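So, here come the structures, one by one.
Look at the two complexes coming up: chain A is in both, with chain B in one and chain C in the other.
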Partner chain A sequence: MNETKLLLADDDEMLASLLRYRLEKEGFMVEWAPDGRTMKTSLGQSLPDIIISDIMMPYFSGIEMVDYLRNTLGSNIPIIIISTAGNESNVLSAFELGADDFISKPVNPSELIIRVRKLLRTSAA
Partner chain B sequence: MIHFQATYRPIALIEAPEIPTELLWGFGILFAGIGLVYFLIIFVMRNRLSRKNADVRARKSELAPMISNFLFYNPDLEPEGRAEYIRMKIDIRELLKTDFNRRVLSEVLMDLRSDVSGSARETLLALYQNLGLDADAYVKLKSWRWEKVSQGIHELTEMQVDTSYTFIRKFINDKRSVIRKQAQLATVTLRAEGISYFMDTARYRISEWQQLKLIEILRQREDFDPPRFRAWLTSENRDVVLFALRLIRHYRQNDAAQALLTLLKHRNADIRLAAVECLREFRVVEAREPLQTMFRKSGEELKLVILDTLSLIGLPDDLPFLKRIAEKDLNFIVRSKAKAVMNTLEPDSALPDTDLEDAVGEAIPEEMTIADEPAAETPAPMPLALLPVTFEIIANGSGQEPLDHPSAAEPVPLFPPDADQAVSIPMDEWDEALFDFCLRQELDDILSQAGVGASTSSKEEADFLPFVVEFQTQDTEAQEDATEENEVPATACNPENRTEPQEEKDALEAIDCSFLPFVVDNPPAMSERTEKAPKPLHTESSAAVAVEAEDAGLLEPAFGLQGTPEIRKAQATPYFQSTLDATPGKLDTFSIFAEFFREYDTESKRILLKEIPAVGGVKELRFLHSLLQDPDLSIREAASKAIGQLTARLKKDPEKPGLDHPASRPLPGVGFVPDLDTMSEAPEKSVASRAIRLLNRWGFWTPKNTAGNHE
Partner chain C sequence: MPKAPLFGIFSESDHDKRAEKHDQRHNMSIQSKDLRGQILDLKTALDAYSYETLTASEAQQLKRAFDAFYQTLESRYWGNLETPSIVATSQEKPWEDERVLAIVSHDIRTPLNGIVGFANLLEESTLTATQQEYVRSIRAASETILNLIGDLMAFTRLKTNAETFNQEAFSPSDVLHDTFIMVQPLVGEKPIELECQVASGIPDRLLGDPGKLAQMVLNLLGNAVKFTSSGKVILRANSAMEAGTCQLTIQVSDSGLGIPKEALPQIFDAYYQVNRQVPGLSSGVGLGLSIVKQLVEKQGGSISVESQPGVGSCFTLRIPYAVAPQLPAAPVHPEQPDTRPLQGKRVLVFEDNVLNMKLMEVRLTSWGCRVLAAPNAAYGMALLKAEAVDAILMDLRMPDMDGYQASRQIREHANPVTRTLPIIAVTADLTAEDDQKCTRAGIDDVIIKPYSPDELMNKLIRLLNEKVRPADQPIAAAVPQGQGISLQGLLSECSGDVQMLEELIGLFRGNVLEFLGRMKMHLGAADYGKIHEAAHKVKAGLVLLGAGFWVRSVEEILAMSRAKTGMAQIRERFNGLSLAYPDLESQLDAGLQALKNPPNHE
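What follows is the complex of A and B.
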């Protein structure tokens, strides 16, 4: 069975580790990008099945990633944005550029997994 | 050979001190060494911190999987992982024996606590206590350093260690403000009853920011049942009372009305203000009178709040009170607010009363009546026939058919088609009839607008129309008297009796003539009676237009002379001098030739002088006499000759001067017919010659042939 490839982009190492552990436990093949540059490089090599990205990251923000993915690469990969409280404007910008869903911090891992599965079902359909 | 040798010996005024260079070198080396040591220390410490941070990061990355495993392990779902779980637990307890590891793990758990929510957070908090990491926080509470104590309180609060409540609440009244505030927040956060304990025991000031933070904590608390905060309205701590009032308003506990009314009498203005705000929030009607009572001694802010409250709870009975405020209060804002409240309670009870004009409210005078609009009347029957007029647009020689203009499709009548009568009028009287008709129409419109109504336009009904003032005529006796004064003696006019210039001048000066111009149609015969000057336009009775002798300068022409009347009189020409000598009611005659004479060139003047005897009258005679003083010799000779001819003609036929002359028939509007044959002999560049050429070109005059007849 092919595992679903998931790209997790977050500069918070501990949170990323925790989410990575949780997602791998759910059967996802998680690739972690600590910053925007690494994420862009990873996208250039191979496209994942779904992307979970934080908005604020060094070198390349989550909004730029969405724009890059939608307009430059022309991909329709599901994208989930992780935002902090009080960052609604960036969330709206991400949605305008093509993000599919967002989740705010503090992140509930169980809720995140539910959203991921839902987006995968929708994209498969 | 003499050699001079100058020896210069400087005289030192200031002696420079000796500089011990060795000491300087020593100081330099010393400070360089200190600097070097300083940089070494910084370098070493920086390296140490970097190494420490690297160790922390490495330790965190090592502990992260363990933490994740501990957080997401579900023994019910993963029975096979239980052994792994127990092994990891033993490993981590081994790690926690080191302070460094404990510190790192505490930091990791603190960071994760803000990043995760739901069940993961609850597991995290339990793990914190299970691993015994809260013991370190308790140790910090016992430190003498305020930052350690504050850090410990913060950590226990963040990790929601409920058992630390009793330890933390002791710091509510700590003398160190940071610890005190931290403890207050922790007390309210850890337990629901913490707010009550805090308000019971707080002895220090509670800042407004602190109050807001506490309210925020209470607001985020789930299933929080607030106590009745009115119990703290009697606290001795002023800030506790204010905080209670704030909480009462926040949680809308409107059962403290009596306590709030009592607080209106508190000494503290902030408390009174908060109490009024609570009363406004809860619409306590019983507070009307107490608010009015306390209004006078309140400040501006409190007054505005009171007025705002009265706008919500006030009744029309409060209008007199508000009116007094609106009239007598010294503060503009308060007065304006009072008026607004008055209008809120009873609309239009406070109307604008400043900067109003007096004209507003004046009654319309009785004599001024507004005429009713005239009833629509059928227009009067047209006295003229409808003449259809057709318009036809013809192309400019293109040979095409005439264009059909839309407006020319039908004959366009000159008058509205609702005329009843058609009267045929001969074409030669067409213009006159049209003019009369238009005038009648216009007059009817004017009369109808004035409320008079269309009528036959009698004289009385047209009184409202502007009229030209006519000079009132006096009785004949007064007229004759005025006429007698203006009589010109015949001897002065008879060339045979002409005297010397000086005597003639005196004779002229003796004559009082009217100033304004007038025309004499039938002068009396020279032999029978004295010539009468024409009736003056102004009489002595019209004093409003009387001109004083000193103001004779006003009678001068536009290019009048300057100076005193005497100077002007001496410098004036004979013609102008006669003007200066004018007295009220006795003005000189005026000749139209004088106007022409002023503008013509010399040659034209001579031609004009030749024509005067044929058409001139008495006034021209006087004018000619005035030209006898002209500086030009030719003008003087021509004038002299003209005087003789004119005098002879007037003597022959004084009643109709100039009528037997072939050119005596006047042109309309001109009254003077020049001899074109004479003018044709004028030089080429003169005005007369130019006029002759124009007339010839237009066909009005042709030159005489050799037989003396016009071609």
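What follows is the complex of A and C.
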């Protein structure tokens, strides 16, 4: 059985390392994109099973990514947005464009894992 | 309004105007060489400004001020003139010309001060990035014109022997270093290295006019930077004693265009400009060097130049000064007060002389103060209504209202907080009667020009301490003790894996250093957007480590940068965090050590 592929996009290397460490322990295959450009390139090459992206990133933001994925690529893979206080309007825009869930910083790794599993369950169904 | 061909540009249809505006958005810098050209550039910059989107009444006033000023010029001076420059070059009636110059200069200066003032206010308000760009152009255009007017007025005064030369004790190395600092912004993007070599043998205090000295050196340095595209501009100064007088020699050399040999005899002549042909290179009427020559010669000195086209130029000023009695070697105050109490303090400065204001601004900002500049009393009173202020520096002699009257108005202000603001008067001389007038007007202290920076700093600190109001915020510069960092939370997230924790701490340190570095850069550029990004990135790690003081400061920075306001307060928070960083580092080190070598280990 294939391992679930997860694309994690966040420019905070420290947070990304922690999340990656925990997610890999849970059995996920994690690819990390430190900025929007890398994220976009990766999506162009192959689609993951689920995307977790910060709302604000250099070059290509989380919102642009949702738009790109849903409208340009026409993909339905689950998207979780990492949001921050004060970015509520951006989070709403992300939802309107088709994001599935959000988790706010500071990200609690355990909570993130629960949300990831839930989304994968519902999308597989 | 006469419709001469030159004004055809302003009778185009709206559509053409908008297309033109679009092109001119990229040409906001001052292109024209002479006064009229610059005023047209200013008008274009203002026209491109979108008043529909900005509802601030300041924008209306700005436009009104400009229109009034433009009308004045048009109806009085441009109606019949054929010459491209407003300065008549006729030699027949030199005195008439000078009087006209004086009147024109004064009439232009007052509304121009208004434009600069309101442009400043606009810049402080909430603007989009494009609007900020436009306002900066308006300011640049206005300030260029103001400088031109300043030149015209100085020239007039010199020609009619109305220029006064002060005799006061001053520090030549302070003046030279101050002017050196002021030139640095002029370098901009050009790959020019600025060097300042002030010899140590120059006496600490000389008797003379420091303002004129600054003016001359600034003029030479400004020219050097202007005519150099790359290389070096060096300011050198040394002195020699000759029969009890100090001969001060100042050299400004550059690696710029140089001056052709044929032109050398004429460069000190009025209105002469070597580079009339090169667009953008000459933004004056050619008075600078002639002013410097007259100033230096009236003080008993001389100016000379050596130059080689393609290599560079070197201007040498020689001025004799009497040596002033030296200050005692021991410091007046046994302990140096540190400037941190002045961090973030907002100082309103009433000063109509542009050069003095600039110098004051440079000094105050170097102590961490935020400066609000008022070129006249009316403007300053408006600022008091609009902005929170901690202290006031008041020039006693201003064009529209003298400092005593302005101070009385402040003491009778409707706002009780404004009424008790500390006021320090700034003046060149003070008689016993003046001193009484100050006390009666409610002025707290007086500082006499030339002032030493220490004196101003001490007076400000003392007054601010005396008048502390209960609502004052604690000073951010004080380093908080015990930031309470806890590695436990992060350790449990790593399921107890100390090696993973160490890796994460390493990444965290990198994040914080990057944050501090980026903040410094973006504060320099006053870029709210980039500041917000930097703060956003660093926050998560800080929360994971429970660094309360840091999290609070970063949250405040995030809030302010999101609202695009409070650059000075953001700087205050940044300074606090920079000071707190070493403590953070040592706490992380200690924490990791403790985890790797637990105290009770068998």
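By our rule, the second predicted complex is superposed on the first by the 125 of 125 C-alpha atoms of A that agree within 3 Å, B and C clash if a C-alpha of one lies under 4 Å from a C-alpha of the other, contacts with A are read in each partner's own complex, and residues count from 1 in each chain.
FYI, contacts are C-beta pairs under 8 Å (C-beta built on N, C-alpha and C of every residue); 3 or more make two chains touch, one makes a residue touch a chain.
These numbers come from a predicted model, not from an experiment.
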First (chain B), second (chain C), both or neither touched by A:N71: neither
Which of chain B and chain C A:E111 touches, first, second, both or neither: first
First, second, both or neither for A:T84, with chain B first and chain C second: second
First, second, both or neither for A:D11, with chain B first and chain C second: second
First, second, both or neither for A:K25, with chain B first and chain C second: both
Common ground on chain A, meaning residues reached by chain C in one complex and by chain B in the other: 12-15, 17-18, 21-22, 25, 105-107, 109
Footprint of chain B on chain A - complex, ascending: 12-15, 17-18, 21-22, 25, 105-111
Contacting residues of chain B [partner chain A, same complex]: 57, 60-61, 64-65, 67-69, 71-72, 108, 111-112, 114-121
For the chain C and chain A complex, residues of the former touching the latter: 490, 493-495, 497, 500, 503-504, 507-508, 510-511, 533, 536-541, 543-544, 555, 558-559, 562
Of all residues in chain A, those that touch chain C in their complex: 11-15, 17-18, 21-22, 25, 56, 58, 84-86, 105-107, 109
